[in-house]
Each structure stands twice: as C-alpha cells, then as structure tokens.
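Quick one: the structure is below, and I'll ask about it shortly.
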Amino acid sequence: VNKQVVTFGELMLRLEPPGFARLTQTNSLNMTFGGAEANVAVSLANYGNPCSYISKFPSNSLGTAAVNSLRQLGVDTGQVLWGGDRIGIYYTENGAAQRAPVVLYDRANSAIAQIKPGEINWSEIFHGKNWFHFTGITPALGEGPAAVTLEAVTTAKNMGLTVSCDFNYRSKLWSVEAAGPVMTELLNYVDVAIGIGEMEAEQILGFSVNDHGVGDCSSRFRALAETLLQKFKFSHVATTQRNGYSASDNGWSAMLYDGKDFYQSPEYNIHMVDRVGSGDAFCGSLLYALLQEYTPQKSIDFAAAASCLKHSIQGDYNHVTLAEVEALMAGDGSGRIRR
Amino acid sequence: VNKQVVTFGELMLRLEPPGFARLTQTNSLNMTFGGAEANVAVSLANYGNPCSYISKFPSNSLGTAAVNSLRQLGVDTGQVLWGGDRIGIYYTENGAAQRAPVVLYDRANSAIAQIKPGEINWSEIFHGKNWFHFTGITPALGEGPAAVTLEAVTTAKNMGLTVSCDFNYRSKLWSVEAAGPVMTELLNYVDVAIGIGEMEAEQILGFSVNDHGVGDCSSRFRALAETLLQKFKFSHVATTQRNGYSASDNGWSAMLYDGKDFYQSPEYNIHMVDRVGSGDAFCGSLLYALLQEYTPQKSIDFAAAASCLKHSIQGDYNHVTLAEVEALMAGDGSGRIRR
Amino acid sequence: VNKQVVTFGELMLRLEPPGFARLTQTNSLNMTFGGAEANVAVSLANYGNPCSYISKFPSNSLGTAAVNSLRQLGVDTGQVLWGGDRIGIYYTENGAAQRAPVVLYDRANSAIAQIKPGEINWSEIFHGKNWFHFTGITPALGEGPAAVTLEAVTTAKNMGLTVSCDFNYRSKLWSVEAAGPVMTELLNYVDVAIGIGEMEAEQILGFSVNDHGVGDCSSRFRALAETLLQKFKFSHVATTQRNGYSASDNGWSAMLYDGKDFYQSPEYNIHMVDRVGSGDAFCGSLLYALLQEYTPQKSIDFAAAASCLKHSIQGDYNHVTLAEVEALMAGDGSGRIRR
Amino acid sequence: VNKQVVTFGELMLRLEPPGFARLTQTNSLNMTFGGAEANVAVSLANYGNPCSYISKFPSNSLGTAAVNSLRQLGVDTGQVLWGGDRIGIYYTENGAAQRAPVVLYDRANSAIAQIKPGEINWSEIFHGKNWFHFTGITPALGEGPAAVTLEAVTTAKNMGLTVSCDFNYRSKLWSVEAAGPVMTELLNYVDVAIGIGEMEAEQILGFSVNDHGVGDCSSRFRALAETLLQKFKFSHVATTQRNGYSASDNGWSAMLYDGKDFYQSPEYNIHMVDRVGSGDAFCGSLLYALLQEYTPQKSIDFAAAASCLKHSIQGDYNHVTLAEVEALMAGDGSGRIRR
Amino acid sequence: VNKQVVTFGELMLRLEPPGFARLTQTNSLNMTFGGAEANVAVSLANYGNPCSYISKFPSNSLGTAAVNSLRQLGVDTGQVLWGGDRIGIYYTENGAAQRAPVVLYDRANSAIAQIKPGEINWSEIFHGKNWFHFTGITPALGEGPAAVTLEAVTTAKNMGLTVSCDFNYRSKLWSVEAAGPVMTELLNYVDVAIGIGEMEAEQILGFSVNDHGVGDCSSRFRALAETLLQKFKFSHVATTQRNGYSASDNGWSAMLYDGKDFYQSPEYNIHMVDRVGSGDAFCGSLLYALLQEYTPQKSIDFAAAASCLKHSIQGDYNHVTLAEVEALMAGDGSGRIRR
Amino acid sequence: VNKQVVTFGELMLRLEPPGFARLTQTNSLNMTFGGAEANVAVSLANYGNPCSYISKFPSNSLGTAAVNSLRQLGVDTGQVLWGGDRIGIYYTENGAAQRAPVVLYDRANSAIAQIKPGEINWSEIFHGKNWFHFTGITPALGEGPAAVTLEAVTTAKNMGLTVSCDFNYRSKLWSVEAAGPVMTELLNYVDVAIGIGEMEAEQILGFSVNDHGVGDCSSRFRALAETLLQKFKFSHVATTQRNGYSASDNGWSAMLYDGKDFYQSPEYNIHMVDRVGSGDAFCGSLLYALLQEYTPQKSIDFAAAASCLKHSIQGDYNHVTLAEVEALMAGDGSGRIRR
C-alpha cells in the first residue's frame, strides 16, 4: 500500500514569456504555478502516491487558481490555510545556447511568508500520515515560516513520520550566516537529506570537508556523505549532478548513499525544454522509490531517469508517466514514437 | 506651440486573461502596463503634446519593460528614478453582460509606494514645463508618496505651472477619513479639478451639498461645482457621467464648468471593448484641449468623444487618433470603414 | 451543513475554434471538457457544496485530462470507473448575430456509452450522500447507460436520497418513441423535475396538455406543472425560458412550481459570451438553493441570476462566484468594475 | 446543372491584428487573403457552383499561399498567371462602437496591377463557361488591368457569356474623372449591374438623377435603376443598403430591379463580427441565385440573407452554408444552437 | 510529362498540443490533418505531379475541412466519397530529449473504416491514370477496407497501372497472424515495395531470412530484398533507416534495390521538428523520382534528402520545395539563409 | 562619457510564421521590425550609448509602429522624415536542421528607397555627434539613397565624425558591377570597415587578393586586411566567421585588425534561436567597445560574445544585457539559471 506524504512550503505564480522571448519583448505571459515542495507533491500524486500539500493562500482568484492547479493533479489541498495579502510570483525567461535562463522573484510578503507559529495544526495534519518533506527555501522566507517549519519537523518526528529535506540554499533569501543555525537545527530531525553539496556543508553547516574539490564527483560525494553522517542521523543522503554544457544541453546524473553503500545512476545527455523543477522531480521520485521500497540502486536510477525526463516537460510540475520512467531505466532513450 | 506637461504616479504591470476568461480559467495572461497618470501622459503624447512622466521603477527587466511601454508611445521618461523592490501589479478580468469586470490589485511595496520626500528634484523637473497633473491615487499609496505629491504641487505652483488633479478616490487604498485632510491640502494648489462627485465632496472633503441626488445630473453637477468653488480656487471643474446598462453597454457623457458657464457633451451609447483607462483618456484629452485653447464647449466635446472612443481600445493606453476624435465630434459614429 | 450530491453522466472533450471562426477556418481548437451532469457538479462545487461525479473514462491521457478538469474545480472524482475505448467529443462553433452556434457530436462508442449494468456499485457510492442528479441524456446513450441510470435512481430512492432530473431530450440520440417509456419509468423516482416543456410532455410522456400554446408562458408553465403532478410525485418542477433575439442577444428567465405556488424570476437581457452549459448552471444553482433551503422565490431567483451570469463565461463550467450571483439578485447588473 | 462562372481581379494578402487591437498595439497579425472578385468566386464555390478565378501572382510562397487559399475552398485556379514582383497587401483593424474599422492598402505594383494586354488568353478561359464577373476595382489598378478588363468583357460578350459587374468605386485608386469613361465603356457589356448608387451615377457616369436624395431609399433606387436603363442594357440592377448605427451594429437590406419590377429584402439588424467582404458575399450569392433561376424575390432574399450572415464570419471569404441561408430566409434568426 | 497517381486510404484529424506540452497540460490543440496515403499524395502534388486521393469522409464540416486541406495543396479530391459517421482522429505529443513522441489513436468507426466492397468505382477512377499507391494501414482498418484495397490493386493491375505499397504494419490495428494472408495477397500485385523489414518478412510474410540481424544494415537489406524477390515480382524494394539517438536527434538514410543493384543514400543527422509523416515523404518523393525516371541512385538520394528535410516541417504534410531538396542533394545542409 | 552615434538606413516590417511553420502553412505572422542600421542603433541604445536613427517612414500606422519599436528601446528617432508611399517588408521563415531559413523581400518603393538628395539636413543631424554608421544596403536601395549616403559620409567626415561601414553586399539589390564604384567611393570616407570578405574585395572592389582561399581563415583575414589598407585609410577592419553545420547549429567567431595587430575571439558553438541580426549585433557591439575604448582584444571579444548571445534572441533587435555579455566573455556559457 501507498504511504501518505505531507509537504509544506510556498507555491508561487509562475509567469513566463512564450518561446525564447525576454520579458522586455513580450505582450503575453504563460501562467502556471510552481514551488519546490508543491512540485514534490505533484510528482508523488502523479505516480499515484497520496500526498497532501500545506501552505497559506490569499483568498482571491489567484489563490484559488494556485490551489486548483494542485487539485487538478491529485494533490490533497483540503488543509491549506486561506488568508494573507498576496501570492508570491516568479518570472522566468527560457535560456538558449550560451544565454542562461533567468528567474526573477517577486515573493516578499506572500501569504505563506507572513505565517505565524501556531497557525498550522500539525498534529491534526500528520494524523495517519507517514512522511513529511520540506526544503531549505521555506525557513528562508522569514522567522515565521522558519518557526513553523521547526514546529512541523518536531511534531513529525514525535509522531513517527519519516522526514526528508531538500537543502535548496537560496542566497537571495538569506545569508549563509543566517542559514547556518536554522538549517542545522532542522537537519537534526531529518532522515533523508537531499542536495547538500560541499559549498553548503562548509559555508553553511560549518563542516571541514576533506580534500574539497579533489577527486571525481562520486568519491567526493561519498566523502561528503560520510562527513555529514558524523553529525546527523540521516538514513539516506542523495544529490544530483548537473553538467552545464550550455543552456540548451546538459549532462545529468544522481548519487545515493544509504549509510553503507554508494549508488550512482547513469549520466544522461539532455536537450533542454525546461529545467526548472527538475531537482524537485528528483526529490519526489526518490521519495516515491523509497516509499515503494525499491533497492537503493533502483531508487537512484528511478529518480535520475524521472528527473532526466522532467527536463523535457514545460512548467514546474512533473507530467512524466511511470511507464516512461521505466522505459528509460530499461535503456530506451531513443525517442521512438509511442503509438 | 505645444506646452510641456509633467505627470507623476504609479505605472503598474497589467495582467489579463485573454477574451472573457477568468483568472481561474486561463493559462496565459496578456501583459501591458497602465496607471492613471501614465495613461494621461500617453494621451497627450499620442496627440503630439510633449509630456514627461515621473515615477520610480525597480532596476529589473519589468521596470525596463514598463518604461519602454511609455517611451514607445513618445512619453519622455528620461527623469524617472530607478530603485526599490518591485513593480505594482493589477490583474483584470473582462466583464460581459451582467458580469462586471474585475480588478485585483497587488501593488503594495512597489518602488513608487516606497518613495521618500526629497528623492525627486521637482525644481529641475519642472524647469521649462507648463503643466503638472496628478491624481488622488498617488497620495493614497502611503505617507511617502503623499508627501512627495505635496512637494510637487507646491513646487509647481511656485514655478507658475498649471496644476490639474483627477480625484480618483480608491477605497481599497485609504479610508475617507484618511483621504480628507490630504486631498483637501493638495486641492488648494489645483487649477483644474476632475472627477469630484457628490460622494467625494460630502464624505471626503466635508462639504454639505444641497439637494444631494435631487435633479438631473447636469443641474446637480453645476450645484456641486459652485459649492466646490466656494472653498477652492479651481479654474475648471470637469467630470464624466457613466450609465452602466451592463458590462457590455454603457452610456457616456461629460460636463465642464469654467467658473462662469456650464458645458455638456453629447451622450454616447458605447458597446464595450475595454473601459479601464477611459477616465484617464478623458483627463488627458481635456488637458490637450485646454492646452490647445479650445473653447470650453469644444474642450468638453473633444474630451468626451476621445474617451468614448477609448472604450473601443484594448489596454489602459489611448491609441485613438486626432482624426478619429474629430470625426466623432463632427457626428460620425457610424463605423463606416476608413479605407 | 452542506449536503452531499452525486451526479452521473457523460463528460466530453469540447473542441472549439477560437473567436468566431468556423471549423473550416481554423488551425487550432480550444480544448475544454463539458457534459450536462458534470456541469451541474461543477456548479455545486463552485459554490462550496460537496459533489461527486460518476462516469467511466478511457485509461489514456484524455481520460485523465477530463477527470483533472473536474478535480481542479473541487469535484470528487475518486469513484469514477476507468476503461473503455474512447472519450466522447463535441465540437462547437460560436454563433453571432443571425448565425446560430453549432454543436457537432462525435460521442458514439464512448467509455460511458458502453457501460453495462452492474459495473457501478451504487450502494457504495450513495453511502452518506443526500442527493442524486441525472439528466435525460444519459439513458439516451444506449441500453447499458439507460439500465445503469435505472439502477441508480432505484438505489437512490431506496437509500433515501432526493433525486433530481433535467429532462434534456436530445433528438439526435433517440426518438420520442424510444424516449417515452424509458423516461416515464425514470421519472417515477424523481423529486425535482427540470426542463419538461409542452413538447416533451405531449410527444414523449404522452400527456394531453390543455390549451397547448395558449396564454402567456407563466400560466402555461403552471398548467403544465399541474398536469405533470397528476402522474408524477415531483416536489418541485422548474424550467427556464429563453427568448432568442439572435445568437448575440437573448432574453432569459426561470420559473418554479413547488406543488403549491408558482414563482418566477426577473427576465434578463443577455449579451452572449457562451450559452452552452447555461441550463446546467441553472440546474446546479437550483440544487444549491434547495440544499441551502432558500425560500422558493429566492431559489428561482438565485438559479436564474446564476445561469444568466453563466452566459458571460467561456466553456461549459460555471465560474461565477456566490458574491456575483448575490449582487445580481440584489439588482446590480450595471457592470461596474469590481476593484 | 450548374453553370460555370469566371471571375477576374486582384487577390490581396490581408493582415489584421487579433481582436480589437490597432496596428500600433500588436506583435502578431492574422494572415488571410481577400479581394472583391475572389470573394465572389469563393461564395459560388462555397454553394457548389463551379467557379474559376483569373489573376496573376508572384512566383513565391506568398503567391502560392494566396492561390492555395482559393483551391482550399474549391475555386478553380488552374489558369492563373505566375510572375510579377509582389502580391498586394491590405491591413485591417477591427472597429468597435464609435471607432470605425480601418483598411490600409499597400497594393501598388502588385503582379496583377502590372499585367499587360494580351497576357491572358480569354478565349481559352471562357471556353465552356457561362458567366463572367468583374468589379470596378480591377480597371482602377492601372492602364494594363483596365485594358485587360475590356478584353475580358468584349470577349465574354462575343462568346455569349452573361456579364456582371460590381461597381465598387475606390477613390484611393482613381478619381471620378478617370473612372467615368472607363467604367462607362465597360458597362456597355454588362448584364447584371450591382452597387451603382446615386453618387456613382451622377459623379462618375454623368447621369442627372431626378430628385436625388428625395424619397425613401426604395423609391430612389427604382428611379435610379430606371435612369440607368435608359443608357445601359442591364437585365438586372441590384444594390445593398447599409445603415451604420455604429461599428458594432448595422442595418442591412438589399434591392433588385429586373427591368420590370422592384424587389426588396427584409432588413436585418446585425451585431458585427467582420463586415469586410459582405458586399462581395451579396454579389456571389445573387449570382448563385440567378444561376439557380430563383424568382427575383427569392434571389434578392437569398443574397440579402447570405450577406447578412457573412457579417458574422471572420475574413473576406464566405463560409456560410446553404442550409444556414435558407433557415434565415425562412425567418429563423434566433441563434438557437444547431446540435 | 507527369504521370497521374492515385492514392487511397484514411485521412485523420490530427490534434496536438502546442510546443512540448502534454495532453494533460494544454487548453488548446493545433488542428491539422494527416494520413499515410494522403501524405504521399501531398508530396507528389507539392512537386507538381498530379495526384488524386480516394477516401470516404463524413458529410460535416470536419469532413469538409479534411478535404479542403488536400485541395489547398493541389491534390485532386473530386472523387472522394461522402457519408459515414465520423472522421478518425489521432492525437500527438511532441517528444524531446529522452521523452518519446506519443501518438494516441481514436480512429475506430471512421467513414473509411466502414466502407464496403463495391462502393468505389475503381475502373472509373483509374481511367487515364498511371500509378496506384496504398499502404498496409488501409487493409488493417477492417474487412471492408481490406476488400476494397484488393479491388483496387486487382483493377489497377488489370488496367496497367504501376502499383506501390508502403508496408506500414500497425500492431494496434491487427495481429501479425491477421496481417499475413491479407498482405501476402495484396503484395502479389505490387511493383514497388517500401518498408518491409526483417520483422515484417519473418513474422508476417513467413519468410526465413538468412542471418537475421547479422551484418551491417546495407548487406542485410540486400539479403532481405533478394529473399522477397524469390516470391514477389517487385521491380523495386526500398526502405529507410532511422537511428534514434533521442527524440531530439536522429540519424536518417535510405536504401533501394532495383532487382539488380543496391543503392544507398548518405546518412543525415537531423535535429527534429516533427518526425510524423517523414516515411510518407520518403514514399512520395521516391514515387516522384521514379515517375521522373531519375537514375536509381538519384532516386534514392532524392527521396532520402526530401524526407530528411520533412523532419524540419510541422505537420504530416510535406512542404519542402524541389529547390530545397536539390540543394541538399548537392551537399548544402549548412542552413545558410536563403535571401 | 558616452559618445553620440548616428545610423541611417531602412527599417522594415518583419513578418514571420510562428515556430517552424512555412508561409504556406500559417494563418498568423509575428510582427516585428528590423533593418541592419536600426539593429546597430538598438544594440548601442541597449548598452546605454546614445544613438540616433535617421530614415524616412510613411505617415501611417505602420510607419508609426516602426518608429515606436525604436523609441521603445531608447533609440532617438526625433529626426526621422515622414512621407513616401510604404514601408518595406521582409518575410522570414525559421530554418531547422538541414532546412535553411528563408528571407523574402518586398521592399521596393519604400519611403526611404524613394528619398532624394537634399531631403536630409545632415549638418543639423551631425551637430554634437561623434560617430556615423551606415551599411552597404542603403546605397543599394537606389540612386537616391546612394546619393544621400554619399552626402552623409562627406558631411560626417567634414564635421569630424568617425565613420563606420558594414559592407553587407546584397545580390538581390544590385550587381557587383553596380556596387563597385559606389562602394569604393563611400569607403574612402570610412574609418571602421566591417564585413569585407575575399569575395567582396575581389569581385566588387577589384582587388587581387593573394592566395585567395589558401591558409586558415585568420591568416587569410590578415592578408585581406593588409590588402585593403593599401587603398583605404581604415583604422579598423573587422569581420565575423560563421561555420554553418546546419540551420540549428553554427560555429561563430570574429576577427579584428587595427592596422598593426590581429585579434581573434574564441569560437562559440551555437544552438540557434534566430540568426537574423547577429551580424548587426556584432557591429553595434564593436562600435560600443570602440567608443568605450576597450583594448582591441577586449573589443573583439565583446563583439563576438554579444553577437553569439544574440543568436539566442528572437527578432532583429539585440536584447542581451551587458552583464550577460561580460559573463560569457568571462567564460560562463554553461546556461546556469540566473535567479
């Protein structure tokens, strides 16, 4: 049977010029929604695993449209809070060739950024649930969200849920100095840690990583993971590896450490449609694999293949089918027509 | 020769679903810009009268796109300020039949709302200029904008500019109690007062209007104008009159009082394309007429015909030609093809 | 507290050229979904009343997209069946002036049309529910759907649910001769009967209506309702009245008989955006009113105002807010901007 | 059996901003094709009457696209000439309310405007054909087109074809002085004369029309028709009557004189989609009616109803079905959905 | 002189989300038409070779639009049949990177699938024609289409036409067991056989292919062709070779055997726009080359270059010019601007 | 401080099917504006360097829209001339893979092509300006434009401006024989010469280039530059080098000779969005670099990186930011998201 997941964070309005146009060239914007934790929820619901999303939305038609975008894909939004002033926005421009994609945030003072401790009844929300997922973006939104995230992880742990975290450090939201103690405290409650690289370990979490930058990326990942486990009680450490040849072409692979062994996925060469949300598709797919109790190797292969395919999907949300992921895991990346 | 006009206020990003879709139904938004004072500037530039626009924009591609939208139509933006956090946004939904159009604001904390006294060098800006126009929206944005508006009108008056104001009370931005003293002080410097109705006079400015609601609209407008002139030194008082039969069909006319006589335009029956910005087109066209030193009757007829035609134009900005206004003033509303 | 409603029928893919283009003029089609019973479910969910939708969908991405369109708007689709060959389609062309809108069906052999008795576990579905709504379209889809509809109404009645029916005779699906016995049997289980006109009563149900076509429409509706109650045990009889001045402009009103008194709504003159689904918005809104235990007059006024407003909405689904309906009921059809 | 029609003239690229946008507001243009004579050909082919179109097109992809647009709708283009420098263009802006639609021509130096006498083998083209239709636009394109038109009408007459002409005076192409002798000579060969009004008769053809402007439009049309028949040998004289209430709403009717009696259609009140090409739809539909040997009353009713419906169609080309015309002739302009 | 070709099959409505969107992500669909045999007809007409298309279409606006799409490009549709219930549909999703394109069929019960023997007068159709082309899709549509295809090939052979067949086995339409005897019988009448690979030869046609899968693709193709010629009287055997590196990038080449010698085209590396219909562009271009009596090497080079270029064209239909094909055959694939 | 630049030439309406569609496949066209000299002006204004554009535009809404497109991006258009018959047009089709992009001109008889000597007051225009830029396209438009260009360069030289020229030979506008003497005379006044290759030097300018085609492209460029300096007094000679692997992928680099040394940029491998205008972006960026007094190596690196990035921008106009150019010059072409 599936296990019930809860995610918590900010869902933003995503506005984007069509094609390769810049914001100074367009008179229309594609309108979708996205946010790291909601994207994870969509990935799980997309594969058929029940998932609830917790956030706070303004009581207007944009808040409704945001929630509708999740309901449409099967995410349970029955417990979101309503209130606050506005929905956060992010604008994107598609990159191409040597021109990088651009993300422009207008998220200050959003409903969720203004949340206060005590507003969310975590005990009620976690009742009957198995897993809680958050990211490092939510505590960066402000003191309120940071405190509420801490409420969430402590309650989750007390109630026996597995807790996962995608580190996702965002320098525009807070400094490494501000992030350090907050993230360190939160990570004490985390079982599955995703996306902690050498920079994050050293500059934010204060580790001294041996031979930083020496060796190939897999041996360095293993060293880093072992270092992290000296302090934290992670059951799993995972990350992705992107090689940016250009905005149009990337290499992509992933690695997992389960405290005993190290597992690495194949590397995929990807011709880009939309890279935003690919890391979240990786998280959501890894959670799905772990909930399905796949072997570690199959888990990291599943998450890597799924997130590889996500690069071919427009928008934050993962619309890749299980069958497509399994076909790619089985080696078929030939792009033959599926009639 | 043309006379140089300066306007000052907030230019917002305007986002709107195509056709008659609601925000909960769309996956794209038409992207334009609009704001009461900028719309007035565009009207003037559109007719060939030089006009400068003063505001503050964030230093990002949305701020650039906003300024570009004015430069494109010939408005001088060479003295705008750059800085602040964000550009204000408003979302609109087209109305139809009995369903009213909707405007949803997300304008708090915009760059211009955060402006502080002293940031704008009004003496330099007004050098060589003849006319300053503002609206009641700008002082409603906050204490900073209110103070800067007061700087503007006092400097303008000192430097001999004509000052015009479109009252534009917005209940979502401030209460009648808050608006009262601020607007009263500003109106002391105003020559041309537009858009003060019985509600505004009584509830905000504290007048006692004789026989409120009694008589036809023209006699009531005359009574109101005479009352206002007991306190303020307006050279002209003008207003428009909208009869809302439905969201699709409106009646539209305008009235002018020049301290001596009362002038009324024909009433137009309008099948609606976009009513947002029509009042601003009226203001801009009235300013143009007064700058051209049209007779009072021709002035109000010009402004009424131009703003009637604006209802057939998509977006905030007035794209109606002088020739089209003149044809309608001459009585041709038949819609014959202009080949 | 809200009462739980269940609807059952066919949800079709709706494909439509943009604007006023014909199918022979376009190279793109707007893609939405619609169906009489699903439209009723959306109306209820839109107002916040829980509603489940029961149907059968093919296990492909079009079936998923159809179900998603309902989930998005809060309709519970957790008990739909999956299987069958295809989703039904209908093509529409917008009408204008003297040119009528066109609906072209391609719905034969859809998954729901191929359903067989016993496939749906009505006892389980109706557990804890209060109301069942169906239309005369579903039994017209074939013997299987007719039999399943009969299963539904008999089970519903046995379990104490209120049953409502929108008659919706479709001559392209079956003859009056075929429809007669099927509809007569189904109507025996109906409490709230909607959309039975003189034609349906005489030609399908075999009544002899006194003075058919004599008198004004309200006295004729009363006579018809009284006639129907001689045979059926309807608690309520309701209908709408459309006056087609052209494809662009219609008159619209509604009438209700509660077995004792006759209630009539105001008539609205409507400038058209999309008339498809307006009758369903009437049904859904009437059900909402009855579930809210509004007075009969308020009920018919609510349903008439809501369905009037639906004519301004693109697509089958009702996106009109409660506040908008209440404003129109209170007399405001002026189309003033809601800022 | 159908009778074969030949039309001759200029087909232009038609470029138009979407919706109600102006050319200064858009970044895309809808691309269709249109021209008075081609529009007539499309009307005939649309009803199933064989029709050939003769013109000259540049040998590039725009010329091909233009010809394809006619082939698509069943017009025979097998005898068009290829060569010359460019295709003529016209830009349109949709009008609304008091704002008139705009047509902006860029047609000078088109392939057909540069045609020379002798380039077209009219004897071969008219072989086996029954009817030739031209308009007053073609001879206005230049001396070459005027001479080729004269070749066409003299050859047509010699070979026994019926000849029809839509007068279509365009002041931007030539003066009344220039048009006078050319049109007078051409009209000597015409059987069915369409669109000659009092202005054309007096100022271009040099008639003295009794009581110009006196009486209702039908008595004036009769007087005009009788005057024309004193000089020309027209078998039929026909015209349309447009009452421009605004760009959004028009009155529309038509009149026919067959040398003996006068026939008038009903007047239609039309809510506008696109009026360009409506006169051509009238011509094409009148030709169809005469070829079908309808009675005069039915002929003018058919042509009036068809061209009324054309106002609801986007683009120059008539996409109205015979069944729709017949339904409107039978009195159904209610806009009921055709399911 | 050109030689007249006839093709016969099913033309479907093709519906496709814009860009890289999935069917679950879109609210509009691009609308075109396509079908293997119609695509071949379009290729021939596109190069200027007369071609007739035979099929059956429903008498509604979709049937008309389908036929119009062929008329537009110069295909003769004067002898298509009208009737039946519906037009077949196929939905596509664009692939990208490792995500394969998807084709979803909804073609059962189409007008052509319901055709019965005797409905088409092949003798009349083939009168004056030189070549008949069909594919293995048509007999797979059902017993009626299979029987009508057999009528076609026997009549064609009797009347001296060359017959070509693109094998096109579709496993969703019939099993290899069902296909075997039908295709074997039809191939007895075929001169030019395209698209028979080792799988088709062994599993459907029952050949034992020596050393299946051994050797390079050209030596294996020669072995296969020689094997086929032991049983069938093919004058030419041809096939294409696709190497699927991903959905975005493919290798593409082609081979021809004329009973004596083996000819191979260059291989092209293709960055994909739309691969659907490329095989049909190969067929149509090969037929054109053979009708032009190009040498075998030039024929296979022409067909390979043309179908390579088709991958850069949106939609099923080939819009590549002869000049473009010849430029690529001459070695210019540099993509220099053609000004 | 920035130095004021003047450019002079033709700005055309650019019409382009969306995506990869051909002109025979589309029913809408993207509408932008472009022209070699205007594109240079936009590049300069885009980087913040003041630039005036001189041309002549028809007094209609297309002329206005063209000028607006430049004003929008900060180009000074205050001195353009108004008059003439039409605006020139060019149609483009996007290329892909082996299919080359297409440019189809319809520019004859444009307002600027009809300009006569004496119409432009160059002394007034050049007052206070530092640099004049033209291209070889303008003198090719006709005798009038050629004479006016000569007026410009002689006046510019007399007034002490630096003069730059992009050679831009267009064979569709004039022959090498016609271009020879005109370009030779103009080049006598040029300081910075761009885009003269071996073909131009030999066939148009009549040089004998040693070892034409021998050696690598950099040694050949040096040889060519030295040869040119034997006759002309160029301070700088620059060119770009494009390697066309396909329409989708190009190599791109640039070279500069300052009379003493030779400088070469890195080569970029570019995945294409839109290559039209890239050469103009190179010119504009090189002018900017020289005006900023960058070193020669930095100048050519800046111009090469900027024009590389322009390939990722839709439309003629350069929308690349200084920060993006500098990041690429610093080696970051990885396409990492700029958040």
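Annotations for the structure displayed:
Going in written order, the chains are labelled A, B, C, D, E and F, and every chain counts its residues from 1.
One rule holds in what follows: contacts are C-beta pairs under 8 Å (C-beta built on N, C-alpha and C of every residue); 3 or more make two chains touch, one makes a residue touch a chain.
Keep in mind the model is a prediction, meaning the values are calculated, not measured.
When every chain is reduced to the mean of its CA atoms, the largest separation from chain E belongs to B.
With D-F and B-D as the two chain pairs, more C-beta contacts join B-D.
Centre-to-centre separation of chain B and chain E, using mean CA positions: 63 Å. Centre to centre, using the average C-alpha position, chain A and chain F are separated by 45 Å. For chain D, residues touching at least two other chains, in rising order: 19, 22, 24, 27, 68, 102, 272.
Contact residues of chain C toward chain B in the complex are 19, 268-274, 305, 308-309, 311-315, 319-320, 324, 327-328, 332-339.
By the touch rule above, chain C contacts chain A in their complex via residues 68-69, 71-74.
Partner chain A is touched in their complex by these residues of chain E: 19-22, 24-25, 95-103, 105, 170, 172, 244-250, 272, 275-276.
On the side of chain F, the complex with chain D involves touching residues 15, 18, 22-24, 26-32, 60-62, 64-65, 68, 85-86, 89, 91, 93, 102, 104, 106, 108-109.
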